[in-house]
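For reference, chains read A, B, C, D, E and F in written order, and residue numbers begin at 1 within each chain.
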Amino acid sequence: MNYRPVLVSAAFLFLFAVIGSGMVAYTHENTAERIHDNERRALLKSLHELIAPERYDNDIFHDVLYVRDRQLLGTDKPVAVYRARKNGWPVAAVIAAVAPDGYNGSIRLLVAINLDGTLAGVRVVEHRETPGLGDAIETSRSDWILGFRGKSLENPGKEGWKVKRDGGQFDQFTGATITPRAVVKAVHNALLYYRQHGKELFEQHPEAASQS
Amino acid sequence: MLTAMIAIGALAGLFGLLLGYSAIRFRVDADPIVDQIDALLPQTQCGQCGFAGCRPYAEAIAGGEADINQCPPGGEATIQALADLLGVDPKPLNEEHGEHGEKMVAVIDEQTCIGCTLCIQACPVDAILGAAKQMHTVIADECTGCELCLPPCPVDCITMVPVKRDISQWKWPYPEPDHPEIAEAGK
Amino acid sequence: MTDTRTIIRDGLWTNNVGLVQILGLCPLLAVTGTFINGLGLGLATMATLIASNVTISAIRSLVRPEVRIPVFVLVIASIVTVIELLMSAYLYDLYKVLGIFIPLIVTNCAIIGRAEAFASRHSVLPAFLDGLSMGLGFMLVLVTLGGMREIIGHGTLFSHAHRMFGNLLPDITIVFAGDYQGFLLAVLPPGAFIGLGLIIALKNIIDKRLQARASRVTAAAVPAVQPGH
Amino acid sequence: MVTLLEKPATFPGGLHLPSEKSRSLTEPLTSAAIPARLHVPLGQNIGEPAEAVVKPGDKVLRGQLIARSLGYISAPVHAPTSGTVRDVGDYPVPHPSGLSAPCIVIDSDGEDRAAETGLQMDRVYEADPADIRQRVRDAGIVGLGGAGFPTAVKLNPGPDHIVDLLVINGAECEPYITCDEALMCCRPDDIIEGIRIMRHALRAKQVVIGIEDSMPNAIECLRKELERVGETEIRIVAVPTRYPAGGEKQLIYTLTGEEVPSQGLPIDIGVVCHNVGTAAAVARAIHHGEPLISRVVTVTGAGVARPRNFDVRIGTPIGDLVEQAGGYTPDVARLLMGGPMMGFTLNSDRLPVIKTSNCILAASRAEAPDPPHPQPCIRCARCADVCPASLLPQQLYWYAFARNLEKVQDYNLFDCIECGCCALVCPSHIPLVQYYRFAKTEIWDMEREREKADLARRRHEARLQRLEREKKALEERRARARKALDKKPKAGDADAKKAEIAAALARVKARKKETQAATGQADGGNGDGN
Amino acid sequence: MAELALILVSTVLVNNFVLVKFLGLCPFLGVSRKLETATGMALATTFVLTLSSVCAYLANEYLLAPLGLEYLRTITFILVIAVVVQFTEMVVHKTSPLLYQVLGIFLPLITTNCAVLGVALLNVQQDFGFVESVFYGFGAAVGFSMVLILFAAMRERITAADVPEPFQGSAIALVTAGLMSLAFMGFSGLIKG
Amino acid sequence: MEFPTHSSPYLPLRNDLSRLMATVMLALVPGALAMFWFFGWGVIFNLVIATTTALLAEAAVLRWRNKPVRAALLDGSAALTGLLLGLALPPLAPWWIPVIGSLFAIVIAKQLYGGLGYNPFNPAMIGFVVLIISFPLQMTLWSPPGGIMGLEATGFLDTARLVFTETLPAGASLDSITMATPLDESKTLSSLNLTWQEILSDPRFGNYGGYGWEWINLAFLLGGLWLWKRDAIQWHIPAGMIGSLFLLSLLFYIADTDSFASPLFHLFSGATMIGAFFIATDPVSAATTPRGRLYYGAGIGVLVYVIRTWGGYPDGVAFGVLLMNMAAPTIDYYTRPRVFGQRGEQDD
């Protein structure tokens, strides 16, 4: 048996693997920084929609805390809380809460709460609601979600934190009550969470972002 | 960067050894696709496909050098069968090679035949009987209708006639979906 | 057989990757929700195709058969990863939307298909041309399908151009009907399949017309030529 | 081992059809007049057609052999009456194709003189079965139940088969046809005698006659005859009236509960099935020395004035029969040979009656209307519900329609008995049976083509080899000739070449030496020699 | 256990690789002309997909992750897949000509089946462990096989249909695939979370 | 004498396609009347618009293909597709809903495959599914069944205005004149963790099914049984579907009476009966072997239960039918009956 061809093929594959991975590694080294930057900027962009950049001066991307509360945050998993500070003073917290009972499963939200417990705003990050029916929670589809701005636990009161159909203050969409009901409930819960834990939120030290 | 190159290189090298080794260890000879293709061709041996008979054409198809739609005697049925065998879409007969027609056999006009044996040399299946200077005849059952004997005949005594079907070879016709309204719609 | 015009005609029309060879379907159907997405992936695929065709054609005489496929995929995968990294560095928004389908360019059957069928049998220049025309043909299908689905599904065209061009261009979204509710079928998976089916049928119709015209032309031309013989 | 059931089993599918039988039973069975000219086809059986042994101008007697059988599955043909052979050649025959086929045309001399056939046998029940079979074969007897399979072949179960049961088929399930019923009522003696001969020839353990329960008269006649001859070993079973109860496989299943294997023969389960008419024909041959030259034919339908049964000489033109049945009525619209379910249309009434013609049906438009326009199959599966072979006619149709001959066989096309039930119930009015017949004949044709192609391939390869050989031989001859010419070895392989080169070198060297020697001797005398 | 069952239901029905996730479409359309070939392809894919899902998991867990070379995933995975496929092909070809008749001609096609690389990449993306990876790969393969076989049976029927000329061939096949995917929309929402 | 020829059999044929289709249409009448009774004029508008569009679309495609138009229209299949689609649509849907649905049903699902007899999918259900995934809002516009909580169905003029101009009656909002169907509502309510007993006490539910829907289902059941009597359909598919739906729901109901609906509720809600007798039985797209038909029906029943109970859509009949359509050729292939005389291989 002649083993020369075996070695030749192996060498060949080796050669190409080395060249290929070298090329990739080179590119990687030259782009890694930028890619990381991109990821950061993408998150910042959505945070900025909720909290204007002038309102804080800390590195909000890294000033993050992970908390767990199945009851109020809608998931077993740790939930990120980004903290905005100015001159070291707390300004607002952004909670990545989850509305677990959407029509087609969980709806992931960003709920920004000012220090005083009023809502700075709410955004939907990810959802699977029926397109054309439940997806009016996206800003690109309707302004519904902007309506949360400025609301708080007291405004409206407990009874108001429901969709109109259930006797509350918030509109439902025609033909779709489940989705808005879920979102309203999740936002209300996030506010409750903030009321219970608001203080601690700003006190703890940021955890390494990699811990997830 | 170096780790990357070494890691992937080593992995690839290893795989290369594996494949190179198994290429030798598990060597097998080519599979008999040509035979399968040849079995589907009508064996008229007429050369209309552009090859010197059915088998060369089969080899060309297997080698990817010829398309499956070049055999007029086989017509759509053969193309369909080839497409099935090779797992490709059937396509219409390439008309550059000729048209699919009725099955024919050669008949030698024995009055005119001068016994030159030229047709015997042309016939791919030795279906013509006769010796020099004697009149020749075609064995109808063995003639494939390839028409190769026509051109060499110096006195044009060979004609092609449709194969005669007797009652035992009669085929029930395909039921005609003869919609009277088709004609109506066509107007 | 390999003259430039045939190569180009093959790639763009006669042997179009998406419409005739029916390869590369996964990205073709998955990312064509909008015109711009189609354009983005089309360009990435074209770049890969050209680069891989050229590379493979250059090394074609060196490769042993038992490692041919692994070497080809290695080459292609390296190219794709480089492109992926570059995209995530410079076209982050688009990269996010196209998602897994960028690394999957590696297994776009069209690319390895061209490597096998063309690049490994021809020299560098034709291989380059082939990559270009095949890629272009593929991209054309991507943008056609993307445009079609975007118009029917959302009533817009060229939306989200910033993903591709960043701030180079103003918002060039064309809105066809203000209060259009959208025909969701078009943007959902079934719409992608049916849409491509319709495009292929359309191509068949056009081909048939062309053929009819061509045969009419030759029929007319033949008698004029004959006396010359 | 098959056993008879106490209660008849029910085969799958099937249909209740209007019987229409009574109209042809109002008149008794009579012999039809012998026409002046008879056309006797040579191929009246399944298998090889016979080969004429007479030529135009020959005088023939009734029962004289006029065409001999070729091969095992073949049957000879005898002169139906005495007269002169007028022609041997192609004439139209009753066949769905409407084509012509070889026939012997006989001009009757009106005397109907009989020939000595030598078919009779005494002491039949002691005779060797092989002897009986030979006589049945020589009598040209074929199955009269429809298919025309040479009876002698079916009387030979072969050494490795034991016949448990002989089934005599008197079911006659198709509407209109009454030829078997007429025969059973008028000639029970021939039938029973024939059955006993067959039983002996087959060494069958049991015998049963299956008759549809709508024919009490026939059952009664046969029963009386059995009593008369004191035969107790032959049973008569009334089977439920449902088309196609008379189909061989269906009848066997009804009687025994056993299924004849798909694409197999009854003998595979130890059963042989013969028609009652066939049995009678056997008795006529063995006891009276009469070959198969006539049969009972039903002439019926709203298209004839006086429907009835005739004993008809083979070769009699159909038009003559209709004449004797009172002629056509103005309603006549269609002429069929066989029943309305299995028969085929004839385009002319000048065609002759043959051995397998059981019925001439001159139908009115109401009885056999033009088929309505076919519409697409909606896969409603009614056809499958009535198929006695448990096939999926809709799938068979789907693939036959698409000319997919491979698939259609996958769906067991060749188990279809062409009974026509499916087509009758199809709401889309699709001529299903014609599709199956089309597919079957197409497949047979394809097989013939395949065989031809294989032959051509072999011949082509042989030719190529021959040419190769000839070329080699030619080359060798040439080479030898050349070798003989310059006596130089001319070999192809390397060693020879080397040797050749070496030899050449040696020659050159030798010559050099020579020249050197020469120059040395002559001192430049002929330096530029040659 | 329930989680693994959910993975199966999800990959086979709700997120069917072919009809919902758009992976593995080329073989789906390419080798579905006949039921028998489709069955062969389905078997071959099931085998390779499961195997390479495992191999890719191992490569990622024990080679790439420890070395911090995650960005080389695509290259590594495709290399692993190509080699697994080629090796399988050679072994089958030699050892079992019968099996090779059934599977052999499909194996090379599998390298360029997006589903295979897709499974490997999605495994990593979703942080699946070893057992989950196996199930995910297997589920994806079963989902692929199921729709491939159903589709092939439908296509066999459609070839006999009176399809308008421009739609004959791949166009009607795509429309059919579209209608199948329409039917699969019925499973959406089956798995929440 | 000369005679014309063709192939056997020659007896007068027994069945007729157009008559079959007409029988099915006739059998739909009781159900359609019940729907009209409970949901008012919207039902009629849907039927008329869907049927007209179906016929026009069929004619247009046949024209384009140069096929005989009149015979195809007269066979009644296109009209039947339109009718069945019309019956599946919510009564207050705007006019373009039945139009788009019918166009899809006839052009894409039926004629692209060559027309009657060739379509692998149930055209009416394709039309319906296209609509429900594309226009979920319009597809939930069910008016409250007349008589419920003392409400009247919307009147003729109001309905007409709503359907054709999409203007609401004065003082009404879409939400005030529409109501979720019982299947939909039961999903919503059970997602609020109400038990079935509590759900059933809601006035929108009747004795065992949804208010009104019980009667509608009963009427379709009646029509269906008549169809079966008339031999227009065989029993396998309805029996398979109803049987498996019943058994499955019984199983879960017994296991947990609080969270799962009773078998009766499933049988007499939504599209169960029209589905079992009229839609699943579409011969063209169903399985055709006897055993296959049983499996096919049973498969639909299972899918209906799964989708109703855990899925994202309120009812599962359309999806169940389409999914099983997809499997029909395979089912047919693997349930080929044992051919007479064939031993062993495939046993029933």
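Criterion: a contact is a pair of C-beta atoms (placed from the backbone, for glycine too) under 8 Å apart; a residue touches a chain by one contact, two chains touch by 3 or more.
As the structure is a computational prediction, the values presented were derived from the model and not from experiment.
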Work out which chains are contact partners of both chain A and chain E. B, C, F
Greatest centre-to-centre gap (Cα means) from chain C is with chain D
Distance in whole angstrom between the CA centres of chain D and chain E is 53
Whole-Å distance, chain B centre to chain E centre, using C-alpha means? 37
CA centroid of chain C to CA centroid of chain E, Å: 23
CA centre of chain C versus CA centre of chain F: separation in Å? 41
Where in chain A do residues touch two or more other chains at once? 5, 8-9, 12-13, 16-17, 20-21, 24-25, 28, 103-104, 131-132
Residues of chain C that touch two or more other chains sit at 64, 66-67, 70, 74, 77-78, 81, 85, 181, 184, 188, 190, 194
Mind pulling the residue numbers of chain D that touch at least two other chains? 96, 373, 376, 431, 434, 437
Touching residues of chain E toward chain D in the complex: what are they? 156-157, 159-160, 162
Can you list the chain A residues touching chain E in their complex? 17, 20-21, 24-25, 28, 103-106, 128
Within their complex, state which residues of chain D touch chain F. 11-12, 17-18, 96, 98, 175, 249, 253, 259-264, 319, 328, 332-336, 338, 340-349, 363, 366-373, 375-382, 384-385, 388-392, 394-395, 411-412, 415, 418, 420, 423-429, 431, 433-434, 437
Can you list the chain B residues touching chain C in their complex? 12, 15-16, 19-20, 22-23
Note: in the complex, chain B contacts chain D through residues 38, 41-45, 53-54, 124-127, 141-142, 144, 166-175, 177, 179-180
